[in-house]
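One chain, chain A, appears in both complexes that follow, with chain B as partner in the first and chain C in the second.
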Partner chain A sequence: MDTLGSIFGNGARAFIGLDTIIYALAAIGLNVQFGYAGLLNFGQAAFLAIGAYGVGISIAYLGLPLGIGVLVGIVGSAVLALLLGIPTLRLRADYLAIATIAAAEIVRLLARSGTFREYTGGSAGIGGFSQDFYALSPISEGTYGFGPWRYDERFTWIFLVGWTLVILSSVLVFLLMRSPWGRVLKGIREDEDAVRSLGKNVYAYKMQALVIGGVIGCLGGMVFALGRSSVQPDNYGTALTFFVYTVLLLGGAARVMGPVIGAAVFWLVLSVTDTALREAIDAGLPLGLSTSQVGQVRFILVGAALMALMVFRPQGIFGDKRELAINAR
Partner chain B sequence: MRRRAAVVLGLALFAVLTGAMLALSPAVAATPTPTTPAVDAEVTPSGTESPAPAGEQGIRVRVLNAGADVAGVDITVILDGEEVESGESLDSGFLELPVTEPGAYTVTIDPETLPDGLTAQRESIELAVQLGGFRPAIFPLTGGDDAGAGAGGPNRFLQLSAQGLRFGLITALAAIGLSVIFGTTGLTNFAHGELVTFGAFSGLVLNVGLGIPLLVAAPIAVVVSGLFGLLNDLALWQPLRRRGTGLVAMMIVSIGLAIVLRYSFLFFFGGQVQPYDDYQAQAGLDLGPITLRPADLVSMALATVVLLLVSVALLRTRLGKATRAVADNPALAAATGINVDAVIRVVWVAGAALAGLAGILLSLAQGGSQFEMGFQILLLVFAAVTLGGLGTAFGALFGSLVVGIFIEVSTVWVPAELKNVGALAILIIILLVRPQGILGRAERVG
Partner chain C sequence: MPADFGKTGAAQPGAPGSTTTQRDAATVALRDVEHVPGTAKPDPILVADGVQRTFGGLKAVDVQHVEVQRGAITALIGPNGAGKTTLFNLLTGFDRPNTGEWHFNGRALAGVPAHKVARGGMVRTFQLTKALSRLTVIENMRLGATDQRGERLSQALFRPLWRSQESDITRRADELLARFKLDTKKDDFAGSLSGGQRKLLEMARALMSSPEMVMLDEPMAGVNPALTQSLLRHVKDLREQGMSVLFVEHDMDMVRDISDWVVVMAQGSVVAEGPPDAVMADPAVIDAYLGGHHDAPLSEAEEAERIAAAQAELDAEMAEREGRA
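So, the complex of A and B:
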């Protein structure tokens, strides 16, 4: 029963935990770009990195207050979206994918390079910048929550802030997509030329979607940085982007709640398989696995899930097949 | 429903066969406790030049900078967290460090003792030492202002150009497959890097695991890679094409496949860099201003010959012409009686075989195979293919050579760790100003 308890407890915590918040925010941003506007942005990891480094460098290196750091991250990700969008948004979908993935790798390689170690901390990253954030916490010392969800005051604070951001972003997306602006965006996804023939500036709409999605993604990066109290460049590799795609496609693209549910289910499944495998190894079951291989099995599962989703249920759990066939060229 | 069943069957078959191939790996994987401890004392790894006396085994260590030995680097051999042997690297050839028992050893070098300005690409290597055999552990160095053989100036430029040419020729092998697959099927294959890794590890299984000399193992590995490409197409891509799956959906499927394959390699082979048993011990040949190992020269010659053969095949043979016709316009090609599916199948086999060869040569050039090696060059291959023009074979060849030389030569001005940034930036700029690539033809859309 103890084993079952730990599987259940870890799963329940992962369902609404820090990773779920980070991936939900990243996927909400990606949903605006990919789900609604049909933009194949494979550089979402770079937006998270800009958010995380914006806060980290501003506070740890420049000694600025937290508020300015958050502002730097948001402005930085908007600028990145513009820089990325100006050359690439006129490209065909697959070219856009290659260009954005290359841009994201450039950001990561620059961040981890020894040349800029003074500012970015090189491959070790930055730490020790989250005191300001936790000093803002109105929550007094103690343990909060019930059942499997018992958190100390620090985690409770980042948890509340994170979920508030997820809810606000979701509401924003909901309102945006009900508006005429959102309908034009969906029209671009379905048939760009038709929308252009109606006199809409397709390029401007795509750019706005890229900026909004990027800024929401950068909030995820900030939660990542503040929740872990550190920024490490290799956390923002292409694997992060691919995982966020899996989350989005799992929950259902072009659905307001798709990214949130996708992130929760994604981390629930990963946590349950992870804990179950580890417990089985501890119990001496002959799986032919070592504990270090459990993490690799997790990646293999994610890849297989991404393939299977795309082949058999491209609309995800809650998606509507009519809404999104993902056949954009 | 039948199509769906066919896809399920295909995926299952694919998983089983991939697993079967990878199951051959335990002999290679240097897990902390090898599941198959070396039993056969007679199987000394081939290629170690002088067979060790019976009953003696150990590790041969070299520290190399651009093909030249670096002396005076402190080396430590660790077993189960305890130091068992140590020494200093020699200025000529291998330092032999015998160990008393077979097992999984870790060889580390002390970065403090490296010459100024040089950094090790890796500071530790894990090896499974077998009874009666010596395993090579090579530490390549990078960086510094005197990375080339020459002291600087034009010599360094030539040396870097030669290394760039080597890298360019190797990426060209991978790029042609990627480009022609894109041309004939429209698939942006993010799993192409894993075909490269597959070739390298197939060679590793045959060479290190089964003890076949690399000269024999490499052709077999290339054939196995080609079969793997056929399997890719038959089990996954052909059913998806028949279902009419969109190109973007197929691209995301290829990302999923890449993740599955990459972490399967990690799962079965471990994360360490694993060299082939052969051709690790070569000293650089002094060719006037540049220094290259004989293995490098052979690699470059082989790649050139293969690339020429592929070019001639594309230009002169019926099949090559059919391939270019399908790449140009599949519907029109089908209308003229070309069997498009058969052409695509050939393209997959040939593309995967070329990628496998690229993997083997890359492993030789980099001093070992590693589960991420293909993925690490994938974006550079994309850059090369885009530069030359997506979908064209000769564009891929041209783009690869430019990217390869550009990357290496750029280290004259930028730090070595940032050399890929320039290539990726070029990729974006090319997409901006000339998305059809330098050799590609502008296409009318709509």
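So, the complex of A and C:
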């Protein structure tokens, strides 16, 4: 009973936890780019990194207030989107994929390089910049929540801010995608030459989508940084980008709620497999595993679960099966 | 296709009742125009000069001068690889020529990007139909309208700013869909339509922008005969509504039926122009399709001569082999 309790409790916390918030924001941004506009951005991790480092460097090394740090992150990610988009968005779709995956690695390697250690902290990253953020909290000391969700005042604050950002971003995406602007974006995803022949400036729309998606992604990076009170360069590797794609496809691309539910389910499954495996090892079940191997094995299980999902529900949780039946192009 | 030449007794689809005011006007306007490549038209909407496009060593398009009459249906024909689609791409801004300039309604269009060409009133369709599969038919149609306030990012978020325009657009889209008999498919994904219906949708969508000139790249390719009639009628309708049409087509019956003027391209350049019947009798056109040295029947003397030559060759070979053995 206790075993089930801890599996359920950990799962419930992971379902709406900090990681879910971060991945949801990253995937909402990617949804604008990939789900709606069909842009292959394989460097979403870089946008999160810019958000995280924007806040971290501004506060920890430049002594700027939190508000300026947030602004630096947002402007920084918009600039990154422009830098990536200007040379590649006029070309075929695959060029953006190549440029973004390379740019993301460049951002991460620059951040962890010794040359800029003074500002970025090298491979150790930056810490101790979140006091300003928690000082803003109106929540007094204590424990909040119910059932499995009992948090201290610090976590409650980042939790509320994070979910507010998720909700606001989702509302923004909903409003944009029901508008004629969103219709143009979806048209570009289907066939950009057709949209061009109807008098739309395809390049400008793709650029707008890239910037909006990048900025929403950078908010995820800020939650990451402030929630953990630290920024570490290796958290922003290509694995992050691919997990964000996983989350998006899991939830259903081009659906407003897809990324949010996708992130929640992704972390629920990770947590449940993790706790279940650990409990099984503790109980002495002959799995042939040590507790240190659980971290890897759970990803194997998640991979298998995702394959099963793609076989039995290829459109994702929220996707529309009718759309899949249509072989685009 | 070549078999279509000179087939005068073929069915003339839509012939009764197809004589209309606009058709007569176009016929009258083009009556005195000379039947030579690059001839001047009384009221050209599109004028191209020295348009050249090379792919490596191959001159895909090399058009000295061509004019397209306003309010008429002009067909662009020619054998495969004549450069018709490339010329289309150049004129509509989807490809850049090496040299050349062209004017649409007096406005220079060289170097103008495709979306601005479309906004300027010259809208095209594609040889391989580009229905936006995972958008519904009505959304496809709405996308065709130009100058939408809600398409600007600054106003997209606020529905009251674009709601009234959106309902105007929807009304117009509904009318067009009814005309093209697609109104029952309104809420289906465009990807679920048949090939012919997609062609109809693409044409209807192009009309949403109220263009002055419509460029149709093989509108009838892969369409079943029943739908062909309907498409033909729609193309004629465009002329009745005062639009100019330039279209690429391979089916000669169709070209003869609906076009007021025919421009023939071969190996990148314009080789003949004229009304359909005159053009199809033009030896330059027959050469373009069949090659300049197509087989003429042999006379008896020639035949005997060739047989004798072949026989002599064989004999010589036999003798050589025997000598070797």
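Operating definition for what follows: the second predicted complex is superposed on the first by the 306 of 329 C-alpha atoms of A that agree within 3 Å, B and C clash if a C-alpha of one lies under 4 Å from a C-alpha of the other, contacts with A are read in each partner's own complex, and residues count from 1 in each chain.
The rule is simple: a residue touches a chain if its C-beta (ideal position, glycine included) is under 8 Å from a C-beta of that chain, and two chains touch if they have at least 3 such contacts.
Source: prediction; values computed, not measured.
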{"item": "First (chain B), second (chain C), both or neither touched by A:291", "value": "neither"}
{"item": "First (chain B), second (chain C), both or neither touched by A:179", "value": "second"}
{"item": "Touching partner for A:98 - first (chain B), second (chain C), both, neither", "value": "first"}
{"item": "Dominant toucher of chain A (residue count), chain B or chain C", "value": "B"}
{"item": "A:199 touches, of chain B and chain C: first, second, both or neither?", "value": "second"}
{"item": "Touched partner set for A:131, first chain B, second chain C, both or neither", "value": "neither"}
{"item": "Which superposed partner A:314 touches (first chain B, second chain C, both, neither)", "value": "first"}
{"item": "Partner chain(s) touched by A:306 [first = chain B, second = chain C, both, neither]", "value": "first"}
{"item": "Touched partner set for A:164, first chain B, second chain C, both or neither", "value": "neither"}
{"item": "Contacts on chain A seen with chain B and repeated with chain C across the two complexes", "value": "193, 325-329"}
{"item": "In the complex with chain C, residue positions of chain A that touch it", "value": "172, 175-176, 178-184, 186-187, 189-191, 193-202, 208, 322-323, 325-329"}
{"item": "Residue ranges of chain B touching chain A (in the complex, touch as defined)", "value": "4, 7, 11, 31, 188, 240, 245-253, 255-264, 266-267, 379, 382-383, 386, 390, 415, 417-418, 420-421, 424-425, 427-429, 431-432, 435, 445-446"}
{"item": "Parts of chain C lying in touch with chain A, wherever the complex brings them together", "value": "92, 94, 113-116, 118-119, 123-126, 130-135, 139-140, 142-144, 146, 148-153, 156-157, 159, 162, 166, 189, 191-192, 202, 205-206, 208-209"}
{"item": "List of chain A residues in touch with chain B within their complex", "value": "40, 87-88, 91-95, 97-99, 101-103, 105-106, 109-110, 113-115, 193, 239, 242, 245-246, 249, 290, 293, 296-297, 299-300, 302-308, 310-312, 314, 325-329"}
